[in-house]
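Below are structures written as structure tokens.
Presented sequentially are two complexes of subunit A, the first with subunit B as partner and the second with subunit C.
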Partner chain A sequence: MISKKSLQWIAWVLILPVLIIRGFTTIYPILKTVFNSFYDIRILSGINEFAGLSNYINVFKDQKVLTTLEFTGIFVVISMFFHIILGVGLALILNMKFKGRRFLRTIVLIPWAMPAVVIGMAGKWAFNNDYGLINDFVRRFVPDFQLNWLINTGTARAAVISLDLWKDLPFFAILILSGLQFISSDIYEAAKVDGANGVKSFLYITLPLIMRNVLTLCIPFTLWRLTGFDLVYSMTSGGPGEDTSLIAYRITMEAFTNLNVGYAAALAVLLFLVMAVFSWFNMRFMSKLED
Partner chain B sequence: MKKKLISVLLSAALVCSVLAGCGKSDSNSGSSAAADESGAADAGSDGAAAQDTAPAEAEADTGSKDGEYDLTLYTINSTDEDFNDWLANVEGATGLKINVIAAPTDSDTRQQKITTILSTGDASVDILEINDEMSASFKNSGWLEGLNDTVMTEDIRGEFPQGYMADMITDRDGQIIGVPGYSGYLAFWVNQEIMDEVGITSLDTKEDYMKYLEAASGNGRYGYGGSWEKTYVFNEIAQFVNMFGGDYLDWTNPANKEALEFFHEMVEKGYTPIDQIADKYEQMNPKFNDGKYGSLFMWGLGTDYDKAGMLGEDKIHMAMVPQFTDRKYIFTDSWSYVLNTASEHKDAAIKFLQYMASEEGMKANYEAFDRYPARKDVAEKVVPDTDPAKEMYSRYANECVVKGRPMLPQTMEFISAMGTIFQSYMKDEITVDDFCAKAQEYVETYNK
Partner chain C sequence: MKKNSNAKYKAYRWLVGIGRWFLFALVAFVILFPVYWIFISSITPPGELFKTPIDYIPDHPTLESYTFLIENVGLISKIGNTVLIIGVTLIVGTTICVMGAYAFARFRSKAVSLAFGFIVATMLIPEVVTARPLYEFMQKVKLFDTYQGLIILYISSIIPFTVLILRNFVGEIPVSLEEAASIDGANFVQRLFLVVLPLMKPAIATVCIINFINCLNNFFTPLYYSNGIQVLSVAIVQLPLRDNMYGVPWDLVSAMGWIILLPIIIFVAVFEKQIMDGIMAGGVKA
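Take a look at the complex of A and B:
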């Protein structure tokens, strides 16, 4: 009789290829990035020296990075706020019974299915004062309207956030919708019999029942916002100045355009830590909610 | 029993597929290479390789083509409709079989890819086309082969623009690291229709130009237009600094400050729009075609204006740069063919470069891509007198101080930093003195 334990080596042999691939494609790059973050590596200047914590210290002195961190924070918070509010609203609309509901559910996903770079390039034109469709639309109601969205800090940031919402909100809503569809209509009928109106039903039935779904979705959607790069890259190149630069965009610029590899690695490690801490908090919150 | 049978079958299928997968890469390497080859041929011929994703595929392909091609060329021209004719010409003249990899069309992506190839010692690419920004960054890095003894020999060296060669493509040891593929100017362009409308016939001096700016501006139209996106505006700042007699790498020079104040004054008086802070060339050129701008500085021979039916002596055309101080100034640029130090096909690469530096090679470039020959002797012979660029390019060369653009080793970082503070100054977020102080700080930081 062969024991299960003595056959364990077969299991290890079978998963070994995956472990090796993972090791090379994930573990090694992470360790190498952490290692590089303690070095001053500037390829164009031919510098590669141990720098201790100076890359990390410089992060908090670098105005470009500080502006980037500011916008990243604004971008994540505002975008996620509207993802939740508008996403739930859109999901409720898509959950209503009306003619063409299936068609609407399909077409709302189109922006999400488009590559972010394409959307970013289109967005650059859409928000142009002379040729953009946004201002063209506004001028139908306000003929003298003049605003170049991408030249002022506030409007450029608003444009980037709204384009991000336009692209990803429908996907968020569709995922919320899947949660809504699990709520039995019997509960609403019972509440109606007890005298609950639409608002009360939403607040006391719908919201509690989809809350876990919303919070679960908030983890990946927030992390995607934190690592968002392509939209800004193709739409504003981080401008005006660095006002719409996101942290992932800054890392890419430092690593691949400026070739300051050590500094970029330090930024990447900090981003990694922020994401890890955020995920940990979110999971703790969810487990508490479950309790 | 049934479950056991199914699990045994599935396990067997898994093992078979794993083993088959392992074995395939060896046994079928020939067919794999064949598939790669057809992929690369498509990339070169239909222009689809201009997409950012295509080069990655093509790059992956090159490894398996060793032995089938004499050299690999990383080019920005593969999307040109005459590229295949050009390639056939070059292959016919040199006897080389050339593998083509299309460079990404987006400038940042392109620079990132080229930097990665060179810095990692990737030998899969032999010849690359690089612009001035990359030349400035790479020329002292040791990634590019010196060409003084093999290609840019003394007999032909003198025919290339000397200022450009010295400023842009000569390393600290005096080695020339590239063959300029063409000679371009940051030309001054005017809209003749607007000039006629406002009754101005010449723009020779600063006073003439100021009058034109004032007369041409108003009702949504501007005397001067630009592309002031932070990585693009560098050209214009440096051009005006030159025109005011300043030095872009010395921001303690009062003439630099004067140039900056001139930009600010243009915005204040409505001679140029602040909106162009978001514009690159693709936004600026349509506005020029639409008659929104009276004048601007732009590279090239006016292809975008020609396509819009706006190129011509009575519409949009090149003009002589106004003279603001004692001399007229103009910038020249080029994309140069360079040889990767890591190349394993240097003999073939040198043969290719020798052809590119020759009269025939320059002629092929001019005929296929409308690139004005970098060698002045070739330009004289090859460019017909009917070419409208010939006269003006000749005048630029003779009447102006021709300079290569002032760049530092950390080029892109420097350009972006300068663009950022320029935008801040134009939006009145900082003063001109703040600008000059910061600019000088950047010069010192990025010149290490």
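Take a look at the complex of A and C:
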């Protein structure tokens, strides 16, 4: 460890490049966003004047935003619910001892590594009523099945959530797997001797041991869901109406398409606050869990 | 009696075996079939895509969609842009991250810890929150729609994760190795290049592989901070509609999608171990 004062300048020479680049892309923009959120800036109509808190107040009167918040909530809750249930399931499958394990572990990396836009564009076509993959598959069992997924609110939302799961679930499972691998097989042997069956040893050994890992993972995964953009942009453009629009998508549209910069900034500040509170709350929760 | 329970056990083992293979096949199918579908769509003549039920083994395979992409959409220059931006990002970004990570692991002072805390904390800032002011700033300093500008933003996006992983890795290299080297008369630069860097090779390889995938996945940055310079991830959402009334130029999207997927699949297959290590070391987001 080097703590000699005379050598500290070396540290700063080494640190400065990353610090400058990271600072340049975060500090000024975030301060400017906070500043803008108190102004009414609409580039299309050339308005730029102080507006106090009116942007923040308008957020809660804006039907588009309320629908967006509704879907963001649904999206986060349902997606996380299945992440936990199916993610633990998939992790158990990946942890099974059999010949195809290595192959399976390799292919689950594919959805994680695929760009969300590619998945979104493919999803747009896969959920097409006439020529899509999904309906083609359903029709093999139910002939004459007709459903235009992306046109109706409920089915469009289901489609977006299922594609989100397709992409991110394997990643979640791999991270749970890393916890599973630390459980020594001796414990299971001992349980077997004591007469525990598979279900019992899962409930009383595996689950308690990975629970902390699962809960910890829920923090970043929830935050990533809150800021999801690519999938919705490429797959539904928030449609039908605003029914599948996520908050990050809504902010971007206000900022770059409607050019309603002040309003977008207020939304962004609110999103950032929600994320900060959420992370703080979780950190408290995690440190309690550790005691 | 004993024979009976033995047979029972065998049947049980057999059932478990079947169950495992069923689950295995199910997961493999759900993941691989859509990928296969994208591939066969890309080599099906556009007209035959409007068929129901879908032909999963195309009758008349053709590379027409690919040649259309090359001749009319400028595929080669888009691949060139992508390779150039990602290549420079990885070289420059990894270099400065190694420097930073080394300093964060080896130098202790309040200010240094604060700087490290800042870099990790910026992970929490979603890009939509900074997007609009950054967009205006990039235009003001004439970095908008330039290779330099995009590369700076790409580098910025990989910094927190890379610095965090590499710093933890350096922290595990015993300081005594460096002290021994300095007793032998090695100066600071020699210690860094001859002692620490060779030991960091596997960690550097891992972060490079994961950052390559993350950069290839990056969509927001090239979409909003450039117009003329198109990379593959943006090009796929801006393909022209040909003879298709359904809103998705699926013939071209599937071909472009496959061009992005192929290097990813090769990468995943070759570097499975490194990627797994990297994911488990830090929790990465694509």
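Here is the rule we use: the second predicted complex is superposed on the first by the 268 of 291 C-alpha atoms of A that agree within 3 Å, B and C clash if a C-alpha of one lies under 4 Å from a C-alpha of the other, contacts with A are read in each partner's own complex, and residues count from 1 in each chain.
Operating definition for what follows: a residue touches a chain if its C-beta (ideal position, glycine included) is under 8 Å from a C-beta of that chain, and two chains touch if they have at least 3 such contacts.
Because the structure is a prediction, the values reported are computed rather than measured.
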{"item": "Partner chain in contact with A:136 - subunit B first, subunit C second, else both or neither", "value": "second"}
{"item": "Touching partner for A:256 - first (subunit B), second (subunit C), both, neither", "value": "both"}
{"item": "Touching partner for A:8 - first (subunit B), second (subunit C), both, neither", "value": "second"}
{"item": "Subunit A residues touched by each partner, larger count belonging to subunit B or subunit C", "value": "C"}
{"item": "Partner chain in contact with A:51 - subunit B first, subunit C second, else both or neither", "value": "neither"}
{"item": "Touching partner for A:275 - first (subunit B), second (subunit C), both, neither", "value": "second"}
{"item": "Which of subunit B and subunit C A:240 touches, first, second, both or neither", "value": "first"}
{"item": "Touching partner for A:22 - first (subunit B), second (subunit C), both, neither", "value": "second"}
{"item": "First (subunit B), second (subunit C), both or neither touched by A:223", "value": "second"}
{"item": "Residues of subunit A contacting subunit B in one complex and subunit C in the other", "value": "17, 124, 128, 130-131, 233, 256"}
{"item": "Parts of subunit A lying in touch with subunit C, wherever the complex brings them together", "value": "1-3, 7-8, 10-12, 14-15, 17-19, 21-26, 28-30, 32-33, 36, 90, 93, 96, 98, 100, 102-118, 121-122, 124-126, 128, 130-131, 133, 136, 139-140, 166, 170-171, 174-175, 178, 217, 220, 223-224, 226-227, 229-230, 233-234, 248, 251-252, 255-256, 261, 264-265, 268-269, 271-272, 275-276, 279"}
{"item": "Complex contact set, residues of subunit C against subunit A", "value": "17, 20-21, 23-24, 27-28, 30-32, 34-35, 37-38, 49-54, 96-97, 99-100, 102-104, 106-109, 112, 115, 118-119, 122, 124-135, 137, 152-153, 155-156, 159-160, 163, 175, 188, 213, 216-217, 219-220, 224, 233-234, 236-237, 246-248, 250, 253-254, 257, 260-261, 264-265, 267-269, 272, 275-276, 279-280, 283, 285-286"}
{"item": "Touch list for subunit A against partner subunit B, complex", "value": "17, 42-46, 64, 124, 128-131, 148, 150-152, 156, 233, 236-242, 253, 256-260"}
{"item": "Residues of subunit B that touch subunit A when the two form their complex", "value": "18, 108, 111-112, 115-116, 119, 137-138, 141, 229-231, 274-275, 277-278, 283, 286-287, 290, 292, 409-410, 412-413, 416, 420, 423-424, 427, 448"}
